[in-house]
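The following blocks contain the structures, represented as structure tokens.
Paired with subunit B in one complex and with subunit C in the other, subunit A is shared by the two complexes that follow.
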Partner chain A sequence: MATTTLEISKSAGMARIKKAILPYVYLLPAFVVMSVITFYPLIYQVIISFTDFQTKDLLKQLASPNLNYIGVKNYVDIVTGGLPVQNFEFFRVLTYNIWWAVTNVLVHVPAGVLIAVLLNTQGLWGKKIYRALYVLPVVIPPIVVGTVWKNIFDEQYGAMNQFLTAVVHLFGTADPVRIRWLTEYTPPIPWLLPNGPLTLAYYAMMIANFWLGWPFMTLVATGALQSIPKDLYEAASIDGASGSQQFWNITVPLLRPAMIPAAMYGFTMSFNLFNFVFFMSGGGPARSTEILVTFAYDLVRNLRLYGAAAAFSVIVFFVALIVFLVTNRITRATEAYTEA
Partner chain B sequence: MTAQSPSKSTNPIIRFLSMNTSGEVAGRDLPLWKQLLLQVLTLFIAAEVLFPIMYIITMSFSSKTTRPSALELFPKEISFVAYQQVLDRPTANPVTFLELLRNSFLLSVGVGLVALLVAVSAAYAFSRFKFRMRQVMMVLVFVPLLMPAIGLSTPLYLLMNSFRIADCGNGVTAISPFMACAQGLGKVTFNLRDSLLGVGVAMIAGALPFAVWNLKGYLDTIPKELEEAAMIDGADANQIFWQIVLPLAVPQLAVTFFLGFIGHWQEFALPWLFLTQPKDYTLAMTLYNMTGQYASSIPWNRFAAMAIIVALPVAIIYIALQKQIVSGLTAGSVKG
Partner chain C sequence: MTSVTYENVVKKFGEMTAVDNINFHVDDKEFLVLVGPSGCGKTTALRLLAGLEEISSGEIKIGDRVVNDVAPKDRDIAMVFQSYALYPHLSVYDNMAFGLKLRKVNKDEIKRRVTEAADVLGITDLLQRKPRQLSGGQRQRVAVGRAIVREPKVFLFDEPLSNLDAKLRVQMRAEISKLHQRLQTTFIYVTHDQTEAMTMATRIAVINKGKLQQIDTPQNLYDHPGNLFVAGFIGSPAMNFFPGKLRKDGDKIVVDTGDFVVPIPAAKAAPYKPHTDKDIIFGIRPENIHDADFVPPNIDAEKVAVKVDVTELMGNEIFLYLVSGKNTFVARVDPRSKLRVGQQAQVMFDMDNFHIFDASTEEAIR
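Moving on to the complex of A and B:
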């Protein structure tokens, strides 16, 4: 190969340029697509959030002669309850949304861990069968879970009231149970969440989402339990530690690094659990089980207040960002804890 | 200890189902009373899990079109009437079951494939190249993931709605937003918003960042030695991508596709917002139509059969791919 120095340096220069632009060539398809269907819509969303965009503006959109720029009025209306929407107070929905996610995680994680520990008991009969059964809720789509539980909680024909009827029959009562699970507005425990009514629908949804949620936590906890060395327990029992002492001093601390990220994942999932909530209660009764994403959807799908819906989505975005930063920080902080 | 200690990133489902229970220490058997007590507990939990499943299966096998008057958790009869009726005529809408199935499949498969195709090279770039804008661009891809999918539905609805084809009469066709009929609006013959294509494009907005992130997480775990060896042999970056990385990534491409499929199969919000013509409806939309305010005319056995039909593909994929799916999910979420 006879090449002059000039040619070498020239081709080396070309190669360097090629190398410098190559990453962008690989990124090009994704960024072209995202520009059209993500970044542009995000900007468009911010623009129309400052307008009174309604159905009449659909045809000409931003060129519509009826479209008015109204500044931050949409945002102010959302926060102060000035939207032409019944039963909507932003901070009540936000509080409920956080409460909903927190209480879900608070029951799913301990239940998941306890069941994993139970399944991990040495010498328990039928472990394999139980494992195969317990994993079932994970594989069923939440929209199906939501609709099925909605029917289960039906006032007249639902399985839950029929089950309770059968139970009270055992105690000699002949009356059928008719609890209005999804329609009763009066909260059964009024002081539980001072900022809004926790209707029976909330408890019904907690039951249904409990069914859906703990098996995932059991999966994660079972994996983590397997990595705890058995000699730790043997040493502890030689030292005379009781079962509950072993649980609190060995199992719980060693499960923590696996369970905290799982709990944070569960929190984020519950916080934005659109399909399940929409299919089971639709946010009702009287918006008492509405979460931010279902309300955002209602604004655009049914109320057709596009400007307000855009403003609401911008707010939802920032709430989601805060949720991410907080959960991420908790995860990181606990990682540092386990390394220390 | 290091040789066998399972790292916390290995997936739980597979170990959960196939954990070795034979190597238990002899002489540490449970006392009988404890065994029985724990059996009561585990059976109770099994009953809790099975309650809604048995309820819906029993109902779907019932030929009774009346609503259930008492709780039944075991099928008294095995009748396929409800399934037959659902396959025959799912709802009062003029749409056949096959059309619903086709629409659901078109959306789930189409969105999954396009997202994958567009995502894979970007994932490779993020995983292997060092370049100046890397951090910025990764944040740009990552930020939409934070946004609940509903959060983009308003602008996507409005943008899709502005792509229309109208027949202005006299054989003139106008494509908005680039053209408009000279007089009036003409007759709108196609509205991107009101079509499966438009819904699919909108769904890609959510699917793409997920696919990039999921694939990048996997590519990061592929050892670089192979690529370095190829580079020494004179392969350039393109050859490495096409001939080494892509073949290695095929299993994860499949997992990402199926993970996406599970999500898109249940996608409800965007189709329900965009589509107005029954011929475009999906199975998820039909399931929703069978409950709530529209459900008064639909017997519950038919609803139960539909619920099982909608759940089946997802359940099958999960069970077939349980190992890869859980590790894929946790990789995405923990890295996030």
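Moving on to the complex of A and C:
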């Protein structure tokens, strides 16, 4: 009796160990692939961030006789402005980057919600068509969007200036409008971001990125709206809530659990929106719309400062990590109101 | 004085008529239950009163005021929804206070009313919780509490107990009745459950297919159903029906079902005389069919030969499922009955308590 119990528990123990190991066996191939394509470059990059790696070292890489280990000099140079690069102050770019992401989200989320609420009106004609239409910007690559909007804001031939010209013509002015949207450096509102001016390009890019950003928010809000039970509005209308009171007291709080993660996602998207920024303004004028990732690219492509670029990428990695942790935390802290 | 009046009320959804020309009057402080099978239009009738649906034609009055074009919030009503419709992001306290805050009632008054209602409903401990942290029964109380604090002139309930388990339902039934006595206001209560209707209502309105069938006190509905539908709907187990004919047999009038013939007592025969040879439906409730060995004294009992198909022992009574020719029916007999499955036997129909309906109009003949 006693022995059989023991044997059973022994073999059960074996089975348990097997069960614990098995998942790792399955993960092994993926781990091998990731080592080659992810971990190796990552570690390599950290190593060269401590060197003065330049074009001359490309051939022999780490074995290059000219390669010097310079400790944290690259990091110090980046933060203190010691890089041989014009118009670059790390903290200004960082502030602008955060500002850029925050202001985009602050515009996209309310606009997305508002449009979702309007399109959700009962008995609205052609609902399905609108829904198909606003998915379009979500599926068009940001490169295309950036290029198209760059053309729209072209000083001479852009649709925006032509449109404005047509408008001022109505008021009797004959001069064509020639606003240098993407190249004018003098800021229209100098005090708005004290750490560095917001050029016209910023506003132009806000407009263009709005086109890119709101549909996703509308998509999420539409889904969330449909999950709000209709009888809550009925109960509220009997309780005495007007349309706008229902919006603020029911719609907004019940959309919150869906919109906060969406906003966090939007924030990280805008924060790292390389394609769009690179193709629309290239970070200009005078790096005023540069974000961290476009600057990292510039360090390699134009300035060939591989070591500094590597160090910069490591910094960006940590910034992104912090952004991720913070947004993740905010997202999880937003409890869902739905049934547990 | 808060009465409620439905006058020729019609509600159509497209081609579909959900409420078909309903007329009734609910007196002040009455507990009216609208009862009927699922999909008969009860909820729609209630929502019309609440102002959540627009009336297609007719008038609804609360007191003397026609409310057809009055917004829900200005009708001085409160409603308890079947789903409870609690605001999921607000605490129990805030759920109850919501309507009062919107009406700019001052803070102390809100607090007084909410704590008082919570006290009455026994949910004082739950005031800080969110709805998702409550059981079904607790949510139901909060929904009632939200209605009470508003101190409305009319309370509307839409199947408030249908999401609760059987035991809790019985308990809440009693509590809602108590609440009605305590508040002394008009209650209009929708349910598909005739037991709920019978136990709570001062009057019941039976609805079928959008039409009002009959409105009366529970006892009168039970004793004098106006038509076949009401007769079958009110009472559990349901009344037994036997299609048949009224025939003259000498100086008596008899019910002939083809399988058995029972004479109508002379004292009751008068209303049926004009209907001889008509197709009718004979109805008798299960408790008015007795085991021949246990017939109560002084009733006008008639023998019917049957075969016992199924027996259900309930402890204080026995349900017998009986077969007589092509008819199967239920009897609710004395628990001492010795009748067993498969047995050929005689049961006694109490001919002081029967119902006869015109087979074509389904109206009661009486």
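Everything that follows uses one rule, which is that the second predicted complex is superposed on the first by the 312 of 340 C-alpha atoms of A that agree within 3 Å, B and C clash if a C-alpha of one lies under 4 Å from a C-alpha of the other, contacts with A are read in each partner's own complex, and residues count from 1 in each chain.
By definition in this document, a contact is a pair of C-beta atoms (placed from the backbone, for glycine too) under 8 Å apart; a residue touches a chain by one contact, two chains touch by 3 or more.
What you see is a predicted model, and the numbers here were worked out from it, not measured in a lab.
Participant: Where does A:Ala235 make contact in the superposed view: on subunit B (first), on subunit C (second), on both, or on neither?
Facilitator: Only subunit C is touched by A:Ala235; subunit B is not.
Participant: After lining up the shared chain so the two structures overlap, which partner does A:Phe279 touch, if you call subunit B first and subunit C second: first, second, both or neither?
Facilitator: In the superposition, A:Phe279 contacts subunit B only.
Participant: Under the stated touch criterion, which partner chain does A:Gln245 make contact with: subunit B (first), subunit C (second), both, or neither?
Facilitator: Touch status of A:Gln245: second partner only.
Participant: Which partner chains sit in contact with A:Pro253 here, subunit B, subunit C, both or neither? Use first/second/both/neither.
Facilitator: Once the two structures are laid over each other on A, A:Pro253 reaches subunit C alone.
Participant: Once the structures are superposed on A, label A:Phe267 by its partner contacts, choosing first (subunit B), second (subunit C), both or neither.
Facilitator: A:Phe267 sits against neither subunit B nor subunit C.
Participant: Counting only touches as set out at the top, which of subunit B and subunit C does A:Phe153 meet: first, second, both, neither?
Facilitator: neither
Participant: Look at the residues of subunit A and decide whether subunit B or subunit C touches more of them.
Facilitator: The partner with more contacted residues on subunit A is B.
Participant: So which positions on subunit A get touched by both subunit B and subunit C?
Facilitator: Subunit A residues touching both partners: 229.
Participant: Can you list the subunit A residues touching subunit C in their complex?
Facilitator: It is residues 229, 231-232, 234-241, 245, 249-250, 253-254, 256, 337-340 of subunit A that touch subunit C.
Participant: Inside the complex, what are the residues of subunit B that reach subunit A?
Facilitator: It is residues 1, 5-8, 10-13, 15-17, 19, 21, 24-25, 28-30, 35, 38-39, 41-42, 45-46, 48-53, 55-56, 67-71, 117-119, 121-122, 124-126, 129, 131, 133-134, 137, 140-141, 144, 146-159, 161-162, 177, 185, 201-202, 204-205, 208-209, 212, 237, 241, 262, 265-266, 268-269, 272-273, 284, 287-288, 290-292, 300, 303-304, 307, 310-311, 314-315, 318-319, 322, 326, 330, 333-334, 336 of subunit B that touch subunit A.
Participant: Spell out the residues on subunit A that touch subunit B in their complex, using ranges where they run on.
Facilitator: Residues 19-20, 22-24, 26-27, 29-31, 33-34, 37-42, 44-45, 48, 53, 58-59, 61, 115, 118-119, 121-128, 130-145, 147-152, 156-157, 159, 162-163, 166, 211, 215, 218-220, 222-224, 226-227, 229-230, 257-258, 261, 265, 272, 274-275, 278-279, 282, 292-293, 296-297, 299-301, 306, 309-310, 313, 316-317, 320-321, 324, 328, 331 of subunit A touch subunit B in their complex.
Participant: Which of the residues in subunit C come into contact with subunit A in the complex?
Facilitator: 50-52, 71-73, 77-79, 81, 83, 85, 87-89, 98-99, 102-103, 130, 132-133, 146, 150
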